[in-house]
Structure formats: C-alpha cells, structure tokens
Amino acid sequence: MNMFDLPRRFAAEALGTGLLVATVVGSGIMAETLTHDTALALLGNTLATGAMLMVLITILGPISGAHFNPAVSLVFCLNRSLPARDLPAYLLAQIAGGISGTIAAHLMFALPVLEVAAKVRAGPAQWFSEVVATFGLVAVILSGLRFEQRAVPWLVGLYITAAYWFTASTSFANPAVAVARSLTDTFSGIRPIDLPGFIAAELLGALIGLALMGWLLRPGMIQQPLKAEP
Amino acid sequence: MNMFDLPRRFAAEALGTGLLVATVVGSGIMAETLTHDTALALLGNTLATGAMLMVLITILGPISGAHFNPAVSLVFCLNRSLPARDLPAYLLAQIAGGISGTIAAHLMFALPVLEVAAKVRAGPAQWFSEVVATFGLVAVILSGLRFEQRAVPWLVGLYITAAYWFTASTSFANPAVAVARSLTDTFSGIRPIDLPGFIAAELLGALIGLALMGWLLRPGMIQQPLKAEP
Amino acid sequence: MNMFDLPRRFAAEALGTGLLVATVVGSGIMAETLTHDTALALLGNTLATGAMLMVLITILGPISGAHFNPAVSLVFCLNRSLPARDLPAYLLAQIAGGISGTIAAHLMFALPVLEVAAKVRAGPAQWFSEVVATFGLVAVILSGLRFEQRAVPWLVGLYITAAYWFTASTSFANPAVAVARSLTDTFSGIRPIDLPGFIAAELLGALIGLALMGWLLRPGMIQQPLKAEP
Amino acid sequence: MNMFDLPRRFAAEALGTGLLVATVVGSGIMAETLTHDTALALLGNTLATGAMLMVLITILGPISGAHFNPAVSLVFCLNRSLPARDLPAYLLAQIAGGISGTIAAHLMFALPVLEVAAKVRAGPAQWFSEVVATFGLVAVILSGLRFEQRAVPWLVGLYITAAYWFTASTSFANPAVAVARSLTDTFSGIRPIDLPGFIAAELLGALIGLALMGWLLRPGMIQQPLKAEP
C-alpha cells in the first residue's frame, strides 16, 4: 500500500519534524521579540504551530504517515500500522530532524546554533498536563483515522491549537520535539534535566490513549469484511 | 444504524464533555495567568474552545452523536433522533464528564480539586444572551444536519467561536457545562446560585430553536422517499 | 430547483441578516468593553463576524441563497439568479432583520433598544474602501459559485475576515448592515448622515464586480450544454 | 485543459497579485494605526493575508493557476506546468498587479499614491529566512498538487500564516510582492536597496524546493499508467 521507500519516508519524517520544530521555536522567538504580553506571545506561537501541523501532515502524510513524533510511531508500532523494523529509522529521523529545526530557527533569528534551555518545566501538574495532552493527541489520531481519515491533518492542528492553551505545559506531547526544544533558550525551551519527566508522561499518555480507544472504537470493526478462516 | 452499545456511547459523551470542559476551564486559567487584558484572555479561551469542539464532534460523533449538552440531547429526544430511554444515561454522562473536566483542569494547573465559583452571572441581559446563544446553537445543529451533515463539527465550533463574543454571557449554551463551570473559581466560573437562571434560559432557547427550525426546514422533507403505507 | 416558498426564504434572509448584525454589533460591544487596544477589539470583532458568516451561509443558503445583503441580491437579480419579483421581499427582510439584530445585540448588553450612531465614516478614502470591499465580495461570490460552489460559505467568511483589516472602512460592503449599524452608538456604528455615501459606494463596487467577473468567467460557459435553438 | 485565454489569465494574475498586495499592505497600515504592540499588529497582518490567500487561490486558480508569484511561475515553467512562452506575461501581470495593489491600499488609507520604503531588511539571517520561506512554499505547492489538489488554497494560506511568524523576515517568499512592498513606507515595507538580496534568496529557496520535492515525490509516479513506447 505504501509505495514510498524507506529513504524517502525517513526524509519525510525528518523534514516534517524539522519544519514543525522550526515553527514552534521560530514563532516563539518572533513572538517574545515583538511583545511583552505572554498571552499574545502564546497566541502567535499557537497560530503558527497549528497551521503548520495541518500543512505538514497533509503534504507528507502520504509519504511517511506524518508521525513527526516518537510517541505516535510507538502507538502505530503497537497497533501494527508501522512495521517494527522501521521504528528505529522513524525515531532517528524525528530526533535528527527536530534538532535541525532548532538550528534552522536559530540561524533565521541570528542566534547561536544551539543553546541549553534554562526554562523550568517540572512537577506533578506539568507531568499530568503532558499525560492529558498526549492521551488526547493519540485519541484524536486513532479516532480520526477510523472515522474521517482525510480530516486527520486538520484535527491534529486544531487539537494542538486547543492543547497549547488548556494544558499547563502548553502541550509538548512529543518526545522528539521536547528534545529539540531543550536546545533553545527561548520562549519554547525546556531544561534538559526536565526531559525525562516530560517524555515519560508523554509515553504514558500515549499508551492510555491507545488502550482506551482500542476499547471505544472496537464495535465498528464488524463493519469490515471478515476474513474467511481456513 | 448506530452500532455502538450504550456503555461506549456513555463513555463517548463523558469523555467529550470532559475534554470540552477541561478546555474551557483550562484555557481560561492559562489566559488569565498570562495577561491582564480581558479581551486577550477571552481570545485565547475562544480559540481553544472552538478548535476543541470541532475535534471532539468529529471524533466522537460517530459513536454517540457528540451532544455533550443536555439541551441538545433533549432536542434530539423531542425530534426522535435519540430514544427517550437513553436520555438519562446521556445526561448523567454529560454532567459527570463535565465535572471530571473541571477536576482535570484544576489538577493540570495545580489548583484545588474543586472550588465554588464566585463570579456573578445574572440578570435579564445575561439570561436573554443565553436564550439567543442556545437558540442559535440548536438552529445550527438542526440545519447543519439537514443540509451539510459532514460540516456539523466545523459549524458548531465556528458558531461557538462567534457566540463567545456576540453574547454578553459568552455563550455557555449548555447546562452540563454550566454546572461544571460552577465548580471553578477562575476565568470561566459561574456562581452556583446563578445556575437555575442560565439553565432555564438555555432550555427555553433550545425549544425556540427546535420550533422555528421545525417550520423553516419542513418543505425539504418531500425530497425524501415516502414510505409506502400498508 | 428552489423548493422553499417565499415566506421561508423571507424568514431565512431576516434571520440570517439579524444574526449577522447581532454578531457584528454584539462582538464590537464585547470587545470595546474588555480592552482599550483598538486592534485587539477589531480582532475579536473580525473573528466573530467571519466565523458567523461561514455558519449562516451554510445553514441558510439552501433555503434563500443566504444573500443577507441588498447589493448581493441586486447582483443576482441582474444576472437572473433571483427573480425580480422577489427582490422587494429580500430587501425588506434584510433591512428588517438587520435592525432586529441591532436590537437583539443591545438587549443582550443591556443598552437602549436603539441609538443613533455618532461615529464619523466619510470621505473619499472611506468611500473608495467600500467600493473595493464590495467589488471583492461580489467577485468572490460569483467566482466561488462558478468553480467551487460548496466552498462559498468559507470563502465569504474568509474574505470578510481579510477585508475588515485591509480596507480603511473595515469593509461594511452591505447596505442593510450599514443601515442597522447606524442605529448603535458603539464600536461598529456609523452616523446616519454617512449612510448615503457608503451605500452608493457599495452599489458601485458591486456593479464593477459583476461587470468584471462577467468578462473574466465567460469562456467557461461553453462547458455547459448549449440549448438547442428552434 | 486550460480553457481560459491569455488575456483572462493575465487579468487573473494581475487581479490576484493586486488584491494580495492590497491585503498585505492595507492590513499592515490598519494594524499599526490601531495598536502600539507589534505582535498584535503582525497578528492582524497575518490573519488578513492568510485568509485572502485562501480566497484568491480558490477563485482565480481555475483561470490562471493562481501563481501571483514569479518564483512559483518559474518553478511551474521548469517542471513544464506553464509553457515558457507564457512566463513573460505572468511576470508582467504579477509585478504590475502588485504595484497596483500598493496604490489601492494607499488610496484606501489616504496616503500618497506611492512611497519609497525605508525599512531595513537585510543580512544573512533575513536572507536565510527567505530561502527557508520560499523553499517551504514551493514544497507545499508541489506536494499539495500531487496528493490533495483541492486543498492547495487552504494549504498555502495556512503555510503563509505560519511563515509570517516562524521566519525572521515574516516570509515575503515572493519577488513581485517584494517589489510592490518596496513602494510603501508602512508596516510591510522593504527598502528598494534590499530587494536584490530578498529576491535572490527567494529564487534559491524555490529551486531547492523544486529539486528536493522532485526526488521526494518521485516514486508515486509509477501509479500513473505508463505510456506505451513505439
């Protein structure tokens, strides 16, 4: 079904994660440069991120599935949408692409190539936020794929638009993006030491989403033609 | 037609109302934390709520119809889209889900599990606002289902985006959400004592919407094939 | 083709224009109440108006065509999409509906039922803005109907979103809405004495749009089956 | 396939580029008139530009392809979507239309017909931003045309919405628009002396986009029926 070879899928995941991170980091820098109002800065950050997600998932989805997110690739591996042998390449592409995105944003704004973030993002409330954020993301993707496949890019973009505001952590919901954001000391940064807590919370949220939607969406399976047994 | 059993529909209504309330309450907390400008806070609140509604109705609509709102369930009961025997389960799911949403928002922002709201929302202008808001919501849903069924999630999200701004009450338009919002003393709260006025106004608006659209949309019925009588 | 009788089409035009004006006026009041920053107020006003237009045109278009605008009804009369005998009813519905919308907005915000606007909107730059705004609106509608009929609601909402910002007059582009806005002394008001200039400019822009698009879109006409001549 | 003659395609390119520039310049003037907060001004500018792009590409795309951009016309010439003999007309229409758009914006806001911009936009970070911005634009267009042709207007509008914020140059990504913006000394202006750097960067980005997507999108070509060889 998927006619694109692994090098192209690798490139699509790297390019997509890179442009996503460049958008998150770049729009954050732009926003905090232009205003002292943090809500306004978050609004610019949100608008850019949500719009870019819609675009990237639409244009790269047919090539690689447009995960751009290790938590999502893991979920697709567990539900057998992604062959396990491809997982390492996907994760590598996402992490390398994400870091390249931070570099690109820094070069566009004349900052050092990479920095170490100093912004503290830790504690139970932040971790719970990431659990909720990633749970919701996985629920949106799995249910969207089931009921309205062509709307998935718009759904994910809209979900993240909302999640930037309704979670206390501004919804990273993505381990590769979190790593890339630990390398910028700007609006969207996160201290490297806070990464393990965020990533663990994201993976937990993803697994809860997979489990719950596995139950919630099951009855419809009977719509699909049953495979005759021997 | 609806292949999902009642437990799954109950879960979908509870999950949807919960995420909706978490978004309304959470984005309100985020917004008032980040800025002193109330218009900007309302903008962040609006953006998150509108986007989340589009997502939730798309991904849960095929399971439960995605009411998330006792006034909407009542309307569908009256026009025979929802069996009367399912109404109690729907209302319970919406109220329990909504309160869980407030709890989730509070935990994400490190607030007490539940609070009692102190924000006054009362008086004829507020009640009239809720009548208009809920009338409009029901009109949008009924007409949308009739003419452009797949657009309903987008229409409802866009309608609420507008209604947050053009009604003086910021358009609750939802008794279950109103109850859940009485349990947070933040941006989106409402005094418990003000609930009866809001809920009565919402139900009145819903009934007016049902009556008017029943007349306005009627002629088209003749398009549908008539069932032969015995 | 149009199965809805004139009373229902009248009601749809009145309801649609009423909700549109209630949104324009109401969101303007809300915005100027909440902030001192005029750009932010215009942003709230824009968001609500654009979103509501998308909704109203989708849900009422199949009934009346969703003109909500005498300049648009005139154009459709001239290009024979609307029978001339229906024009007076459409205009009456739009004006009466529009004024009702102002009344509804005032009641929701506890203001006097009607007021006389004091905001000056006059001079060549304002008039030229209205010519451009209405020209663009008519161009969008005619071209949208030709190439992508189901997208017309979204196109009109997006066009007005842009036009609120790129024209100096914030793009009324609608004589009935202009009349209704002369009866509110709030953010969106216009002095009654300034109405003739605005309305003349709007009609001029509409006619230019009709003429230009008549030429620009013509070659495609040959795609449609030619009627055999006797 | 394209049934519109060159005069109409010329007119569509001129009208589209003109309205696009009028929107960019006009909304910038409106925004800086209404607020002192630059982020808020950029937000108004972004919203108007993104919305207008979606509209213009939808309504004029079927006539001329809706390039509105010499870099895009060049790409389509290189990949044989646009006959080389039409390129000069397209470029002329875009430049003349763009300048007319600046004039229209100035007249709407009662400014001199044309001005010379004084805003400095130069240096490696700005140029790199334009390379990235135009690379992304071309990638979005080529991939969108390949996988989801009807979504291209929305994808381009959303991409530019994001690119206004994530690039340091606010993403001109368009030589004709850059020329037109050198003739306004307002929010969106650019010094004429800075044009060569911007235009060179934009063309470079476009070529990189063409090359990369040429490789990335290739495998799918085998889906199309192969032409038998003699």
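First chain written, first letter: the chains are A, B, C and D, and each begins at residue 1.
Assume a residue touches a chain if its C-beta (ideal position, glycine included) is under 8 Å from a C-beta of that chain, and two chains touch if they have at least 3 such contacts.
Chain labels with UniProt names: A, B, C, D = Aquaporin family protein.
Keep in mind that this is a model prediction, so the values were computed, not measured.
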{"item": "Joint neighbours of chain D and chain C, given as chain labels", "value": "none"}
{"item": "Superposition rotation for chain A onto chain B, Cα-based, multiple of 5°", "value": "90"}
{"item": "Chain A-chain D separation of Cα centroids, rounded to whole Å", "value": "28"}
{"item": "Distance from the mean Cα position of chain C to that of chain A, given in whole angstrom", "value": "40"}
{"item": "Residue numbers of chain D (touch at least two other chains)", "value": "37, 40, 43"}
{"item": "Chain B contact footprint on chain C (complex, rising order)", "value": "3-5, 8, 11-12, 15, 19, 22-23, 25-27, 30-31, 34-35, 37, 40-41, 43-45, 47-49, 51-52, 54-55, 58-63, 104-105, 107-110, 157"}
{"item": "Of all residues in chain A, those that touch chain B in their complex", "value": "37-40, 42-43, 46, 50, 123-125, 128-129, 132, 136, 139-140, 143-144, 147-148, 151, 154-155, 158-159, 161-162, 164-169, 212, 215-217, 219-220, 222-223"}
